[in-house]
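Handing you a structure now.
Chain naming follows the written order as A, B, C and D, and within any one chain the residues start at number 1.
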Amino acid sequence: MEIGLNHYLVLSTILFAIGLIGVMRRKNLLLLFFATEILLNSVNIAFAAISHYYGDLTGQMFAFFVIAIAASEVAVGLGLLIVWHKRHGNIDLETMTSMRG
Amino acid sequence: MLEPVNVSLESLNLMTLAPMLIPIIGALLILIIDIAKSNLDKTLYVGISLLFLLIDFSALLSSAGVFAQDGTIMGVFDLMLIDGLAILSQFILVGASLLFIPLALTHKRFHEFSYPEFFALFLFMISGFQFMVATDNLILIFVGLETASLALYTLIAMHNRNKSFEAAVKYFTMGALAAGFFSFGAMIFYALTGSVELGQIATILEANNYADMGYVLVAVVFMLASFGFKLSLVPFHTWAPDVYEGASAAMAGYMSIVPKIAAFIVVMRMFEFLINSGVVWLEVVLYIFVVVTMTAANVWALVQTDVKRMLAYSSISHAGFVMVAILIGTTQANSALFLYWILFSFTNLGAFSMLWISRQKHLPVGQSSDHSYNKFAGMIKTAPVAATIMGLFMLSLAGLPPFALFWGKLYMISSAVTAGYTVLALIMALNSAIAGYYYLKLIVYMFMKEPVVNQDGTVYVANATMSLKTIIGFAAVGTIFAVIVVNPLLEFITAFVYNSGY
Amino acid sequence: MEMFLYIALFAPLVGSLFAALFAASPKTLIAGVVPSLLLFISFIASSILLAYVLQTGGAIHVEMMTWMATGDLYIPFGFVVDQVSVTMMMVVTLVSTVVHVYSIGYMDHDKGFNRFFAWLSAFVFSMMILVMSDNFAGLFIGWEGVGLCSWGLIGFWYHKESATWAANEAFIMNRIADLGMLIGIFLVYWNTGTLQYEQAFAVMPSLDTEILTWMGIFLFIGAMGKSAQFPLHTWLADAMEGPTPVSALIHAATMVTAGVYLVVRANPLYDLIPDVGLFIASLGAFVAMFAASMALVNRDMKRIIAYSTLSQLGYMFVAAGLGAYWVALFHLMAHAFFKALLFLGAGNVMHAMHDELDPFKMGGLSKVMKGTFVMMTLASVALAGLFPLAGFFSKDLILEVGFVQHHYIIYSVLLFTAGLTAFYSFRLVALIFHGEERYKLFGIHPHEAYKFMLIAMSPLLLLAIVAGAMKMTYFEMVTAVLPATEYHIHSEITYWIMTIGTQLFVIAAIAFAYKKYALSKVDVPDGSSDMEKSFIYKLLYNQYYIPRFYENYFVKPYREMSHAFWKEMDILLVDATVDGIAKFIYNTGENTRDMQSGNLSTMLKWMVAGTVALLSLAVVFALAVRYLGV
Amino acid sequence: MLDHILSILIFFPALAAMFGFVIHKDSIRAYGIAVSAIEFVLALWLWFGFDSAVSGMQFMEFIPLIPSFGINYILGVDGISLFIIILAAFFTLIGIASLTDTKNVKNMIITLLFLQMTMVGVFVALDAIVFYIFWELSLVPMLYIIGAWGGPLRIYASVKFFLYTFAGSLVMLVGMLFMAYFYYQATIDPMTGVGVWSFAILDWYRLILPENFQLWLFAAFFIGFAIKVPMFPFHTWLPYAHGQAPTIGSVILAAILLKMGTYAFIRFSLPLFPDASVYFMFPIAIIAIVMIIYTAMVAYAQEDIKQVVAYSSISHMGVIILGTFALNVEGITGSIFLMIAHGVVSGALFLLVGVIYDRRHTKMMSEFGGLASVMPRYATIFGLMLMASVGLPLTINFVGEFLSLLGFYQQSHMITLIAGTAIIVGAIYMLAAYKKMFFGEVTNEKNKNLPDVNKRELVALIPLSIITIWLGIYPKPILEPINNSVESVVQLMHDKAITDEAKSRIPNLIKEVEEVEISITSVEGAH
């Protein structure tokens, strides 16, 4: 069986779904960040595959930018996470409910 | 053997980059100064920021002049697209930023403003938004969006309170999810058309007559979700109240204006060709979004006990109101969007500044939030001028003539009427009436109740300095005398929008 | 002549305003004297006008100024003095002058002396407008004006609950009728294009009978209220709560006759619609007997006279309804004299008896109050219609009219009523002036009224006696504007039989009254006698239960309905709906705000849920497009 | 100066109010009186300069505001609006002169002056949006007056007043936008495909709309106006507003603000939508009947004298509405006259209620009784106003009521007959209230030594009494200009009417008015 574009796309979609589920289910901030990384990276796979399919570099370029942005997101995210942990001693989502209604 | 890349500078048209580069230069300058000598006073950074924003503004003016003469300008491998929308929205972006920066010069010392990084990040953010609106390339939009967003998360967090961190984390996490949605949507568009330029995407889709309607819709769904988040459309709005509450009042006011106008431009570029080529689904969905956002946010705003949170919901509702323009998509509607947003930025920034001016360093004893309604009870007795101005902003937000926002509402509803959306026009009108209640509630507290918490009027101007007062005065004057500027503004906007083909 | 017209009209107004200046200050004699003098001047002016009218046979017509003018409507303040109105003016100014002078004595000790004269003169002014106006709108001004003054005067002793209640009743009941009048006026305007009598009446013959009938009916409804015709009659008896001079002037001589005046004035209209006329006559006959029957048993001196007034108004309407307008007007005039006299006499008695009104508690007063006794007796004789007093000429004439026009039922009713009239009149006289001095039981020391009051009454006495003699002069005068029908019974014998028969019948009734109440011993009724227990007596005594009926079936339901409208409808339905909508919106917010739980996980779920929902919508739509080709 | 007198009339009080901020609070009352007196004199001057023989607009002013969207500052006055303007100036003067509230008197006077600006503005605006601006702005000072100086339920009352009216007028605004759009459609130049935006009322007058559009637009405007009037069943804000408002608030509300609604009917609904006016004539007449009888009954059930007067206002507004929808000269003239009359009388009645409230701090009728002997002058003036209120001839109200009912009689006999019960039911509640307050013995100790009306109160009440009688006897100076303007409105309606029924219901006066030329039959995109 030859691996075609559709397989990549399906993989990408599955990963995206996993990411989504992770985003919804995780209560730990760190794991939540991982889930968002999965989301972005699933898209990268698809971009690379499509790029290859079209023989066009734009997709790969997009993927690079996504990687870069994902990296900076992690930087900012971890920064916030650390501050939060310093102040509260945990990184549990359930404790972040001081504002509501 | 690769051909050597041969690009003439003229074809690059680097001038198109100028407005975005100016704030970046300013930001770098601030960082360099900080490295050279730390612990400089914040006034310096405010001054530098203002300076660069002014330069940015004049650069915009010159590109506006060019646009008025030659029409749309493309540049940098056609990545940059300087059309009327881009120029108008950048005016709003930079203008609102100009109004925001002096708010840093508070009477009380606040943590974030003592860091030069705050101003640097702020300028980076502006440039991010400027990129976002001045292109139709999805990559550049994404990069601009994320640059701005990441800076914004940090700015919120720098307010350095528990609530600010919570707000930043929430905003950040949801933003990351939205970024995922965006990239996924962009991926589908790319898969369908092999291009990431909105113009080309539109051309290709129309060329094959929307053969893959299902996939187009899936892409649209993800884009909608992503920008729904940015524009705080219900049900993607949940971050907004919390973030507004967690951020400083000045920041919240800024957030209610600038990121949204940037998002509106992208949405306009992205969705209007779809609507105009008869994607009924999008029309229906947008209709629902608009109505639900307007109404639900209004209904929630009714029950708030904190003014800032109320204003957060009210901003959501206003965004829903303006979203009507995207749904209708006529020139009049798109012009109404800009008119509305310009007038809204005056008023809303003014309202938030009033909260900002009354902000105390620490939460007063016995109060659960910084700006509870109770805090403003009987304000007319203790701080009459401040109360009057605040009341003015509330009336304007409620859409009471002849204050600023009325004209926006008028033109927006008119565009709905003109396009045949009668029911929508009525819904918009009635929503304004519902909204009247919560704006009125603050007026009632200020003007008709006896003071309960603050017997001393100084608390309402605790944070006042000359610069804050100037900004508020500016906003107030703009709000009252809006009627004078509406006509030139309208003509200007309409010409720009019309000439950009929207 | 115009000057005299204005003097006649405005002198009372000046008097009223003059007295009103002192309204809030303690009693000043001048506040009574000046209006009286002015009224006298008004009387003189009226007399001069009368002389003028008699001499020239023409009318004086003036237009003072425009009142309302819009569209095609043009209403001036216009006044006309013709034979009809001058008669009324004479009656009004004369009786009111007498009453004014009388009141100076009667109200001597009253705190509201000045206010009284202000109201009284204002009343005269309104009445003058009513009779002198040359259009329906002006008539309506006077019409409502007298209503207002009557309200103020009935409720003059405003600290008395019964007086204020009666005042409001009178006003409201009159208003009910006024609505009819107003509609009548509208009908006149939209069909004739004008409200001026002359022009309107000129157009009327060319109009549809149906329209004219409605016009006649609605205008008559107005007349029914002012003239207290059944079923709007209850206010008149209650109006006796006012000071007695008021009763004499307003509720006997002038205001209540306004209805008759209206019908007479509108004679060109009623001539065109004889059916309505017959209805008016029948109602009049009914009221004549109906009211007389109530007078038979009543134990309130003033109410008896009031019912008598009502009854006599019935007579007048019979005449007017049957087209004998001049007869109606003649009886109106004669009646004004003797009825006012009767009331003023009753006022003297009241004063003497310290406001006691029950004649059963009096008796034998002829010894202490000779003058009053003579006057009241003569007035009663006139009322009963005995030769040669005024009533004989005017009232018998009405009987003749009925007879000549072959309305025998009306005739017999009126004849029977004449007997009743004689009976109750002399029942009253007998109870007051003859028999034992029952008042002594109550420790009252009666005294005669001031001399000048009696002198003031004397012109009325004189007229009550001689008015009949003026019949032919009068006939010649008014027939210049009214239909000049003479009512002669064809056979001389029949005429004499009828006249003498009537006189005998009346005398018999008087004799019966004297026998029962003057010559035999009279006890103060305590509800124990057989007569008082009989159904008829109770029915009559309770005024046929009509006031109670009104109270139970109109007033009370109205009050309860009002309350229900307020509490149940306005607050619980209309307002609650409004608030309910607002609350619904607010509660929706309150109930759904938990969506914003503050939990990041939930927020993310909302986002994903929104996306999924959109996705499913998209899929549905895409499938629909593909397979259904929507 | 007469050229700009309308602008001066509008903005002079506003400007004076601004200066008021710097005036010391001890002398603010004198300042307020002076300003409103000047304004009143200006209004009288306007009357003096007004040419009664002209039926059209006078003293027109035009300043482009948003010309690209057809919004311009257009002012003008005709017989219909002239006297309401004078009345507004007059009542502001009287209100300030008789002001007894000493709490925050400075804010009160400044607010009143602002209110005056909006009141005058509404009646002189000839551009729908300018009209709307003043219409909405007038809510704010009133909101403040009720909310800051009112009774215990003041906040509820003021918010209800504001939101209810606000909601209604937003619907009206949508109607206005449609109207402007239709005008745009009708004026599209076939060559360029571009129309003219216009919100000028006089432009709109020239527009003939198809009947179904008229019906919808009429309904949209109706909601805005009906709530303001207020018409049943939209009236429930009024009792609260009146019940809670301070005396001055009630006076102005009853005398002027309510008239905005009825005035707007005549200015907008009738000439713009003649066919719809005829179509809705009977439904509205039935509402008017309900207003007249139902609210009169509710008034009868009240225990609070102020509520009696408040509900009586609604009842009288019913007559005004009826006269307006008579659609003939008599009726409309009558209804405009009744607006003024009701303004004077109900204003005076509220002032009178204020007099007793100042003394006893209660408005419950059960607390009183026998006041006629304690306060005879008060009782007299109250009695006069009461009689005016029940529409006694030779008082100001009668002229209006008579003409209104007379006018409607042409359209329907039965309805007029039922509506005519106004004179009965009106008498019932008013007399009952008067009896409760003034008649009987003085039973309450607190009432034994009440002082009679004082000079300050007389300053307000005497002129009103004089007007009440003067205009009742000699309404001509007012009736004539009104009549001329109304005739042109009626003629315009007749000329514009497209259905046969409307043609026959609206009389043809054969009078020359401006030409009506634009008409549209369908509008694209409007569904």
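Convention: a contact is a pair of C-beta atoms (placed from the backbone, for glycine too) under 8 Å apart; a residue touches a chain by one contact, two chains touch by 3 or more.
All figures in this text were calculated on a predicted structure; none of them were measured in a lab.
Farthest from chain A in terms of Cα centroid separation is C.
Averaging C-alpha coordinates per chain places the centre of chain A 26 Å away from that of chain B. With centres defined as mean CA coordinates, chain C is found 77 Å away from chain B.
The centroid of the Cα atoms in chain A and the matching centroid in chain D are 65 Å apart. One simple way to say how far apart two chains are is to compare their mean CA positions; for chain A and chain C this gives 96 Å.
For chain A, the set of residues that touch two or more other chains comprises 23, 96, 98-101. Taken residue by residue, chain D touches two or more other chains at 163, whereas all remaining positions touch fewer.
Contacts with at least two other chains are made by residues 582, 593, 596, 598, 600, 604, 608 of chain C. Across the assembly, chains come into contact as A-B, A-C, B-C, B-D, C-D. Per the touch definition, chain C reaches chain A in the complex via residues 593-594, 596-601, 604-605, 608.
Within the complex formed with chain B, the residues of chain C that make contact are 582, 585-586, 588-590, 592-593, 595-596, 598, 600, 602-604, 606-611, 614-615, 617-619, 621-623, 625-626. On the side of chain A, the complex with chain B involves touching residues 9, 12, 16, 19, 23, 29, 32-33, 36, 39-40, 42-43, 46-47, 50, 54, 56, 58-59, 61-62, 65-66, 69, 72-73, 76-77, 79-81, 83-84, 87, 96, 98-101.
Residues 64-69, 107, 129, 132-133, 136-137, 139-140, 143-144, 147-148, 154-155, 158-159, 162-163, 166-167, 170-171, 173-174, 177-178, 180-181, 184, 524-527 of chain D are the ones that touch chain B when the two sit in their complex.
Only residues 20, 23-24, 26-27, 93-94, 96-101 of chain A touch chain C when the two sit together in their complex.
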